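Just below is one structure, and these are the notes that go with it.
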Amino acid sequence: MNQANSKRGYFGNWGGAFIPEVLHQTFTELNEAYLRVRGDETFWQEYVDLMANYSCRPTPLTFAENLTKHFGGARIYIKREDLNHTGAHKANNVMGQGLLVKRMGKKRVIAETGAGQHGVATATMAARFGFACTIYMGEEDVARQRPNVFWMEKLGATVVPVTDGSRTLKDAINEAFRDWVASMDSTHYVLGTVCGPHPFPEMVAWFQSIIGQEARKQILAQHGNMPAAVYACVGGGSNALGIFQGFMAERAVELVGVEAGGKGIDTDHHASRMTGTRAAAGVAQGYKTMFLQDDDGQMLDTHSIAAGLDYVGISPILADLGDSGRVRFEAATDREVIEALELTMRTEGIIPALESSHAFVQAFKDAPEMNPHEAIIINMSGRGDKDIFTIAHAFDDPSWKKFIIGRAQEYRKSSGE
Amino acid sequence: MNQANSKRGYFGNWGGAFIPEVLHQTFTELNEAYLRVRGDETFWQEYVDLMANYSCRPTPLTFAENLTKHFGGARIYIKREDLNHTGAHKANNVMGQGLLVKRMGKKRVIAETGAGQHGVATATMAARFGFACTIYMGEEDVARQRPNVFWMEKLGATVVPVTDGSRTLKDAINEAFRDWVASMDSTHYVLGTVCGPHPFPEMVAWFQSIIGQEARKQILAQHGNMPAAVYACVGGGSNALGIFQGFMAERAVELVGVEAGGKGIDTDHHASRMTGTRAAAGVAQGYKTMFLQDDDGQMLDTHSIAAGLDYVGISPILADLGDSGRVRFEAATDREVIEALELTMRTEGIIPALESSHAFVQAFKDAPEMNPHEAIIINMSGRGDKDIFTIAHAFDDPSWKKFIIGRAQEYRKSSGE
Amino acid sequence: MNLTADLQKRLQNKPILLMTHLVLGYPSLEVNREVIRQMAENGVDCIELQIPFSEPMADGPVILRANQDALNRGIRVADCIQFAADIVQEFPQVNFLFMTYYNIIFRYGEEDFIKGAAEIGIKGFIVPDLPPEEGESYLSLSKKYRTAPIMFFTPTSTEERMRKVEKMGSGFIYCVARKGVTGKKTAMDDSLARSLNSYRSATSLPLAVGFGISSREDVAMLEGKADMAVIGTATIRLVDNQGPAAVGPFIAELLGH
Amino acid sequence: MNLTADLQKRLQNKPILLMTHLVLGYPSLEVNREVIRQMAENGVDCIELQIPFSEPMADGPVILRANQDALNRGIRVADCIQFAADIVQEFPQVNFLFMTYYNIIFRYGEEDFIKGAAEIGIKGFIVPDLPPEEGESYLSLSKKYRTAPIMFFTPTSTEERMRKVEKMGSGFIYCVARKGVTGKKTAMDDSLARSLNSYRSATSLPLAVGFGISSREDVAMLEGKADMAVIGTATIRLVDNQGPAAVGPFIAELLGH
């Protein structure tokens, strides 16, 4: 990413590094380390090789023939980040930061996680690199996402439930910072998305740009032309920026970011920062962006069916791209998400994560209006089978409920013995 | 595979096509269709392209540096079939058969499934190709593997619980045959492994040989030499044969198949056909092989912590390779499997399926005895996160139990309303 | 007299023959014996004695469960053979055949099994999962011990296939009336009639046909088109619901007595 | 008189000054008022009035929960400012500072906030998530309205960094005794002593230091090494456990009165 603002770490009005003084030196060193590897082509090659050998990159760009026929408009291609090791694009960022941590000589990593996806990815990276690992996770998310907690623990990480605030993602981020201000000598904070203080947005965007680099080559090889539009869901914004970077310079390619519309952007239950009217400029969690907040500057509770989109802020880079009109923002409601997911499963045999399904919603709205010789790309940021508890719940599946009740009975019985 | 026996579909003493007369014509047509595509190089290319575009092939061969250091012997490489779409090598076979079904002009597929892995893969393939799909699954497996049932249904398949026999995999196979003898005009039976009547063993082995073809190239590129040994778990035998075929002609490469030792091969609770003394030559489910059976020829109940290895028979091709000594067979107990799984998660950040973990067990036994300039390959047939219910259960994880009990309470409450 | 000759002789006096079926050990050998008595005394010509197998893949749900139930109660292959030996003695007016899956024979020892069966007077074998291509030794042993290996014609059999198959077999041809497993009702429609026509022209062996027969009308419809009506699942259901004593009257009714 | 000058004047008569802290609205403004009275009457020199924020990332669990609790009870920024205006009037012997996170100021409007605070007599601001690099307008507005933007020295600060930072600030330097968030006890050990030495040589501004101070000994140890002891979490805990009336005696004891 190029910085649109002369000030370090700013993108238009957004970004910066609003960090406690005690972290000043840590960020100085992080910036130095980052700039060193950024300028070192062998580092990028090492990263690409690692991702190829450990995580199956390049991930395919799958032509969705059935969906294309179904909508009868643009040719629909799906970038398959779900096929990454650990099941989502989060792997790109953590492995990149892992290599950086190795170069910095630190021995411990910490991370926040909401859905658990970034936590599992970080725990995986830590196991692979031999780092100690602590994951902060809102207590409510621990309760909702127990399977991911189980895997993190089995991967050797310590999962710390965060009992403060709304006990979700933003509180986990605060808690990770609290750890970091005490442990920065030995510890790197692996921020999970393109948010937080500089250099995180820029650095995470860089690691995620591997998605766009691949997708650009792939669409040219497969379609012969640039796509008309590229769709991605936007939580923090890392998968979106990852793929958008491959097409940023092509002004004719429309870039569409899809936020969590929750129960509707006119309700109090959503997480849309760039669409709707509940967000305003603010500074929190170390950076300046559009936050969902009240008139006093207190952060609001957010809602999304997709835990990974359930966040108050948005990447400063995306906020700027929204301002300039380079990225169009839309929102998808929980209900639309379930419908798009269902259709995609049945027609293509592909199970997008609830997060990713947001991108599918908007693509499905636009595709029928487009010309059959145009192509669009949907970034499938992750796979949905990690979400069995949420998805089965959302579908209100009676056999699933019976199954869970039966299991519980077994467990109750055996613990009663 | 080349046939070791002059009789069609035989490998040494094993194989054949013990099918009801009503299926004679169906098998004639299937054999013709199979031989046609087998001789058609464009078909194989179409298959390779499909797997590359839809399922991330070639899957990586990951060097397990930490495990290698841990054991201090041979260099350990892991073939990453877990990174396939749907999470296991089963995808190879189903997509291959899917292409064949398309060529045969049939519009419906049926399949058996034990763990649910092959069922999910087949339902996925059916969605992608637009086939109707029915999956037969033992009632006991339906109960154990509800998440997979959920996904199959969401992918558009009908899942039929089989209430006869031991209500597990072998009964699902019988039931699928019962469907097929009534529906063969419109329907293809997508057998899930290298078993059953000719041409299934040979055909499935052919589709799975893509694993070995890749692994051979990869180990030469990465290690510069042939591996000393290749390890794979053996249920029906498809992942094992898949990778072994890449090294069959290299007599110096030891091929090691690892069966389910369950609670010990001296107990009644295992599924080891080639190790132990409970198996004998027999004919069932359409083919001749070593079956776990009693003196009368009645099939025995089997046990394994890994549902996908919990099967009475074994590929006739592997039975023959066992006879000739080309493949060495070993067994891994449930307990050893959990230990190997735990170690692999913590040291490499990789979660093998319980099935695959059997291969890891034997590799871990042998690696320390080997020379550091030797290499071994473990075929990681699938990923373990699909097994959360089984693995969390096996680890007897208290928070997991609490989580399930809590969920059940919610569901009970909401259904009481 | 071999089985074919016996059947042809019987056909001189009857418009159609009757073959019935039971699963040995289901619900018990005692009940089997009583059922067989009822069948024999009411004019049944052939009886299939099914030796249970744990994987009866060509059978429908009723026979499948009968197999399992018999095994769960502990029936052994040796028990079945012993029982058959008694029964064949007791009811010489009936042709008894063993119906089972190939693994039972294979595991017992093919020659021991066939020789032993022949010695106790079993006339033939019905083995649904053993196509002639896989049955070389079975076929030659059948010849050696003069037992009839029953072959199948099916709606999917080509003429060429039927001609090949019927040469391998003897006794009679087991004609499958429709696709699918045992136990489902099939209409006696044009397509079945066409099948029977082509079956007839492909062999000189008697044709045995079953398609969920449960009434006198069903049997009557087969007269002139086939040589033997086969009753499978119906008697099992009958015994389950009304006990063995109901079998005699049912058979008598089927034959129009 | 500006804050620095005021503190220096106080130091002529006292071996060490005392700054205390409270979270506005926790547990209520009424209790806050009583606590402030106890502090003021027992000789506290400065009080940090923390305006609650939903994301107090530099605070430890005690202050964090106090922030949340106050917000849950409905405290608003305007209430805090109004309350501060009263209090400053009521206790002219104390220097009051606002402590809060930058978003509160930013969202209120930086100039409105600083100007308003200056007008009611607030002497300075402690904003832990606003490093000088991000605080250009905040710093120039502070200059304009003669409020003190308090800067931080930390154990990780290089000498160069301290020299740069102290130039931007005024009032005093808030010295972080150790890495980590508020509320944890730190030993007055060699490394803290070394830090204080280097802090001292980097600035002529008074040094305020807190490290989980809870007794007279803790304060005494700081005398001569720092200019002002900072009591944060301790009084919140005290009020939670013993009520506001306990604060006066506690302060008196700390100061050795």
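Per-chain residue numbering starts at 1, and chain names A, B, C and D are given in the order in which the chains are listed.
By our rule, a contact is a pair of C-beta atoms (placed from the backbone, for glycine too) under 8 Å apart; a residue touches a chain by one contact, two chains touch by 3 or more.
These numbers were taken from a predicted model, which means no experiment stands behind them.
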Task: Chains in simultaneous contact with subunit A and subunit C - done: B
Open item on the list: Centre to centre, using CA atoms, which chain is the farthest one from subunit A?
Closed with: C
Task: Length of the line joining the C-alpha centres of subunit A and subunit B, rounded to whole Å - done: 33
Open item on the list: How many angstrom lie between the centres of subunit B and subunit C, each centre taken as the mean Cα position?
Closed with: 38
Open item on the list: Taking the mean of the C-alpha atoms as each chain's centre, how many Å separate subunit B from subunit D?
Closed with: 66
TODO: Give, as an integer number of Å, the spacing between the C-alpha centres of subunit D and subunit C.
DONE: 98
Open item on the list: Touching at least two other chains at once: which residues of subunit D meet that condition?
Closed with: none
Task: Numbers and ranges of subunit B residues touching at least 2 other chains - done: none
Task: Overall pattern in which the protein chains touch one another (line/ring/star/complete/other) - done: line
Open item on the list: If I apply the definition of touch given earlier, which pairs of chains qualify?
Closed with: A-B, A-D, B-C
TODO: Within their complex, state which residues of subunit D touch subunit A.
DONE: 53-58, 60-61, 64-65, 68, 71, 76-77, 101-104, 106-108, 128-131, 133-134, 151-158, 161, 165, 176, 178-181
Open item on the list: Which stretch or stretches of subunit A touch subunit D in the complex?
Closed with: 16-26, 164-165, 170, 173-174, 177-178, 181-185, 280-286, 291, 293, 295-299
- [ ] Over in the complex, which subunit A residues touch subunit B? Could you list them?
- [x] 52-56, 59-63, 66, 80, 83, 85, 87, 123-128, 130, 143, 146-147, 149-151, 154-156, 342, 345-351, 385-386, 388-389, 391-392, 395, 397, 399-401, 403-409, 411-412, 415
